[in-house]
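Everything below concerns the one structure shown next.
Chain IDs A, B, C and D follow the sequence of writing; residue 1 opens each chain.
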Amino acid sequence: MIRAAIAGASGYSGAELVRWLHGHPEVELGALAAGRQAGRSASDVFPHLGGAVAADLVETDWDRLGDAADVVFLALPHGEALGAAGRLLEAGARVVDVGADFRLRSPSAYRRWYGGEHTATAVLGEAVYGLTEWHRAAVAGARLVANPGCYPTASALALKPIFEQFGDRVGGAVVIDAKSGVSGAGRNARDGYQYSELNENLKPYGSGVHRHQPEIEQELATLGETPRVFFSPHLVPMTRGILAACYVPMTEPPSHDELEAAYLDRYASEPFVRVLTGAALPQTKATLGSNYCDLAVRVDAERGLAVVFAALDNLVKGAAGQAVQNMNVMFNLEETTGLSAVPVFP
Amino acid sequence: MIRAAIAGASGYSGAELVRWLHGHPEVELGALAAGRQAGRSASDVFPHLGGAVAADLVETDWDRLGDAADVVFLALPHGEALGAAGRLLEAGARVVDVGADFRLRSPSAYRRWYGGEHTATAVLGEAVYGLTEWHRAAVAGARLVANPGCYPTASALALKPIFEQFGDRVGGAVVIDAKSGVSGAGRNARDGYQYSELNENLKPYGSGVHRHQPEIEQELATLGETPRVFFSPHLVPMTRGILAACYVPMTEPPSHDELEAAYLDRYASEPFVRVLTGAALPQTKATLGSNYCDLAVRVDAERGLAVVFAALDNLVKGAAGQAVQNMNVMFNLEETTGLSAVPVFP
Amino acid sequence: MIRAAIAGASGYSGAELVRWLHGHPEVELGALAAGRQAGRSASDVFPHLGGAVAADLVETDWDRLGDAADVVFLALPHGEALGAAGRLLEAGARVVDVGADFRLRSPSAYRRWYGGEHTATAVLGEAVYGLTEWHRAAVAGARLVANPGCYPTASALALKPIFEQFGDRVGGAVVIDAKSGVSGAGRNARDGYQYSELNENLKPYGSGVHRHQPEIEQELATLGETPRVFFSPHLVPMTRGILAACYVPMTEPPSHDELEAAYLDRYASEPFVRVLTGAALPQTKATLGSNYCDLAVRVDAERGLAVVFAALDNLVKGAAGQAVQNMNVMFNLEETTGLSAVPVFP
Amino acid sequence: MIRAAIAGASGYSGAELVRWLHGHPEVELGALAAGRQAGRSASDVFPHLGGAVAADLVETDWDRLGDAADVVFLALPHGEALGAAGRLLEAGARVVDVGADFRLRSPSAYRRWYGGEHTATAVLGEAVYGLTEWHRAAVAGARLVANPGCYPTASALALKPIFEQFGDRVGGAVVIDAKSGVSGAGRNARDGYQYSELNENLKPYGSGVHRHQPEIEQELATLGETPRVFFSPHLVPMTRGILAACYVPMTEPPSHDELEAAYLDRYASEPFVRVLTGAALPQTKATLGSNYCDLAVRVDAERGLAVVFAALDNLVKGAAGQAVQNMNVMFNLEETTGLSAVPVFP
């Protein structure tokens, strides 16, 4: 059994990690650490856990966490994992960081987008970007995995095959118009995020200035040339789910069948990526509560445009589920272990 | 392995049965029968099943279903299970009827509330009402289980302990003000059920004339005297979840602690009933996607009133989950097998 | 033209007052006062007001407000109107208090339910409870109107006719099971009120201990005997709307037609109360954005029960709309002036 | 007083026309025609109209409608206005067609996108495309106005200023990623549009093959060159509201301030278009229930991209509100008459 611990267990990603790890047949779920909420029972902070998870939340003591766990999941506000990761690694634990601190490879990019110094550049050097389907071998050997952001997971799964196969025909800035449910904004109550102001409302935010834009560009750049991506997120009145529509201007677009074949081929053996064909298009609800990412392509030859749609559950494939998937790879388990739940529908 | 089949697989209860049976370690999921949709693949009818459930929906052939399965789940409109149940039993299968045809013990009550003759009274005689927590022994020996309605499950779990312990003090008609998410109304598109007319809307319906009222009275009557219940359902703008508030006028109400203790005691060893204490009250989201039913009590001595709140997921504990729970009991499995998933939150 | 001002303009009731007063043909909307937000433009605090309302929010200076306005609407947290009302009256303004400070007649009840001394008992003595349909004459002569709470408006409009006509047959505690949209909880972001935890969720709160219970009992008591009311509110995943289901145990219930006739008769000339007949039942969406309150009755003779349903928009008839209705009465205008907007549907 | 009639009064656009025309000080609302629902009272078909609109729905008799009305609003499925428009014009009425039959100038485009012959080409020749802010003079003189589609209204208001001022720098296909509430799909209950399958769901549909794409291209083409537009709509779990994000690749983008100034300038005197500046971005809720369209611009010089966001209420500025606005212009009234209601928020 793998002994797992969670730091940041009182947030939404933390709770989702509890859900998946609790049901994982090869995991023994240990400490649930949470700053302000330490001392309260898990079922007090999260009533849905009553009867299933008996533990109390504990103080975040890195040495103790690192000693007692084989793997520690970090679900913390950015900046807070910088110091923690190194200490956990030294204590012998492996780390999956669900937060943002080790996603950008470059300390200067981190400074620019997250507004502080990256104080753990040594550790950063060995972090592996955990987009499992594209970095499986590296994840397998990693001590520290930087779990991708929710939007970048959808965007990169959607865009990498077209960049890999037809990257030389991309003829301008890629636009990613992404829409997310509200849970992506985290659990902290904030002005403007009141129920009554988000319900029956739809709004863009952070267009072209969102932190996930450089993360997406960085991941696409691993395929060769430097892509230009304009990332344009929106907030949608639902709790879970991301839909990313990726618009790729192309000098000479492949045909629809050619493009679809490239996706079917690339993801043929991936258990968590479903390529929809024919008239079907992804919808977030078909992935809700599961680790699936659904994709579909469209081509408009006349307008020189290829489009890739991606849907996933931001708290699962976009956070906790992919983190567990990475853990499975790191510990040499069958990759789907504990992750085979069918989506909740309707 | 138990070979299971589903008739009525293209509705919401059917799809939810697929979800639970697919993940059940002791079940081999066989035929998914569905009238009009026969011939389509399961993932065409329910996109969320893609990648997980490869089967096609098949014609509803009772003989073939009964031969090939150890247990058949019926998720059919009322009336359609009347003929089917007997044929399946004859073919040697056991039956869990998620529909309404075998819930009311009396053919005349069936006629009054469902508007047709009960043409399977012989089979009706051996049907066991599958409120597992209260009829476990009978369920264990049953060939045919009538799975309770969603509202009656919440209402009876809420009211039976107070009727059992303090029934002689009940001093008037019990009011059950129940609220349900829209999935309880089924998958058929109907006028008045358009998204735009249910969203941001809240409405009562069927007050005092709903078919679940006699079902609740019948189940409470198993404890002795004939209770009078006024059942008052409402439609709430959400997909899943039932909350029942049960108001019990009492000549001499027990104290809050006394009443709470009765509930804690009664359900102490029940894995799927959680009695909340102190200031906590049930909320539907804390049960979403799981087989839990949450309860809490209040007492107003001055006004001669006891109140019991119950929350559950209408498609799980109120339908498919309880059906699988009953199957576990019928086949002598650990009752929680395949049902231990933590609720999806948020 | 009536010069009107609002104190507490940055909350939801305040914004709703702006909406109605802005469109009122006999009102000149003056100062919009708001503590913490003073200095910001109205359209910065409430983007929907852009282009329509050009004013800036100002500091809450009672003397200046009282001097410059014929009527001041108070939309403040409880306690904050205690001192203000007297000062405004002295300055010659009339006052409609949309908050709770002058609703309960008894200072000791105020202390018990609101947890502080009522420091304006002199002013309290002249406050008129502004349930317009029942206290029109007193409102007409009032300097200070205590606008009823949202739940009490629905509950009292629903229950007063049955108490007036058949009060001697009421045979036990009345249960009011009320359901409200989230805007009733105000604009302050709070833990537990995050979008992701209210959406797809339904929960009771404050059962039997809510401040609106004594307010409802007080208002029913104006008809004679002391009623016993158990008030049981619930939070529903929508923004606006209240539905109250009022269950009245009766020793000898009137027939449905007799009861319906009593309601049709009582409200025949009321422009904002619609009594639904036949199979129709109130639904909140049919009142959304309007000053209507919809009612319907049911009787279950066998169970000794009468039921009255009421639906309204908590921010309109339950707050700002009724406040403007009271202002119209106070200033001798046609009562529907500025309030005749048709509900927004769907 | 203008005598107005509505054909198609039982749909959502029809109901919204009733709402606005009922409150219009210069309109006398006459016949409400509706095929299948004829004979029922308006408040039976639309409970929210009770107390306000006493009329019964009537048969659709074109001659009678044309005789009795100065203006007839058509809110019909496509194809049904083809024959009607001419007959109404002959009878002396003016016509505002809220449907699609007279939007595309070319009969062959109509055939291609709507799948039938355009059998009223003579009438089509005199139809004026009623995007009021851009064709005010032509609308003023029109007998027949083709009210723009909901998406084209948002898209054209968003894109025309940039095409007018900087059209020569547009360097590729424009992508319009649009999101709509469900009411845009009309009132007919359909499979896949059940509440439970749209709630908590987000999905694209009709990408690149939606009928509003040629309508948008046609309207942009009035400024000169032929634009290439890829239109990509999505369905969002809310009732009302459209948000269009328009991505314009540019060879040499203007600066943000330059672009914003062009919009402020173009719409400075438009009462229903609000250009948001600084950090503000449009959100649908800030327009809900009103005739506003909110716009904001972004520029990414490095990526050669300008972005324009537009938000409006699809049933108001996207349908009934703009129709009334056009009527005001046609009848030489102040353009804002009857349309000055503040949005409903929250």
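Here is the rule we use: contacts are C-beta pairs under 8 Å (C-beta built on N, C-alpha and C of every residue); 3 or more make two chains touch, one makes a residue touch a chain.
All values reported here derive from a predicted model rather than from experimental measurement.
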Chain whose Cα centroid lies at the greatest distance from that of chain B: D
C-D against B-D, pair bridged by the larger set of C-beta contacts: C-D
Gap in Å, rounded to a whole number, between the CA centres of chain D and chain A: 38
Intercentroid distance (Cα basis), chain D paired with chain C, Å: 36
Whole-Å gap separating chain B and chain D, where each centre is the average of the chain's CA atoms: 46
Per-residue overlap in chain B, given as positions that touch at least 2 other chains: 12, 181, 183, 194, 196, 199-200, 237-240, 283, 285, 288, 346
Touching residues (chain side chain A, partner chain B) in the complex: 12, 15, 18-19, 22-23, 46-53, 183, 199-200, 239-240, 271, 274, 276, 280, 283, 285-290, 292, 294, 340-346
Partner chain C, residues of chain B touching it in the complex: 171-173, 175, 177, 179, 181, 194, 196-197, 199-205, 207-208, 228-230, 232, 234, 236-241, 243, 245, 247, 249, 281-285, 288, 298, 300, 302-305, 307, 309, 311, 346
Residues of chain C that touch chain A when the two form their complex: 12, 181-183, 187, 189-191, 193-196, 198-200, 237-239
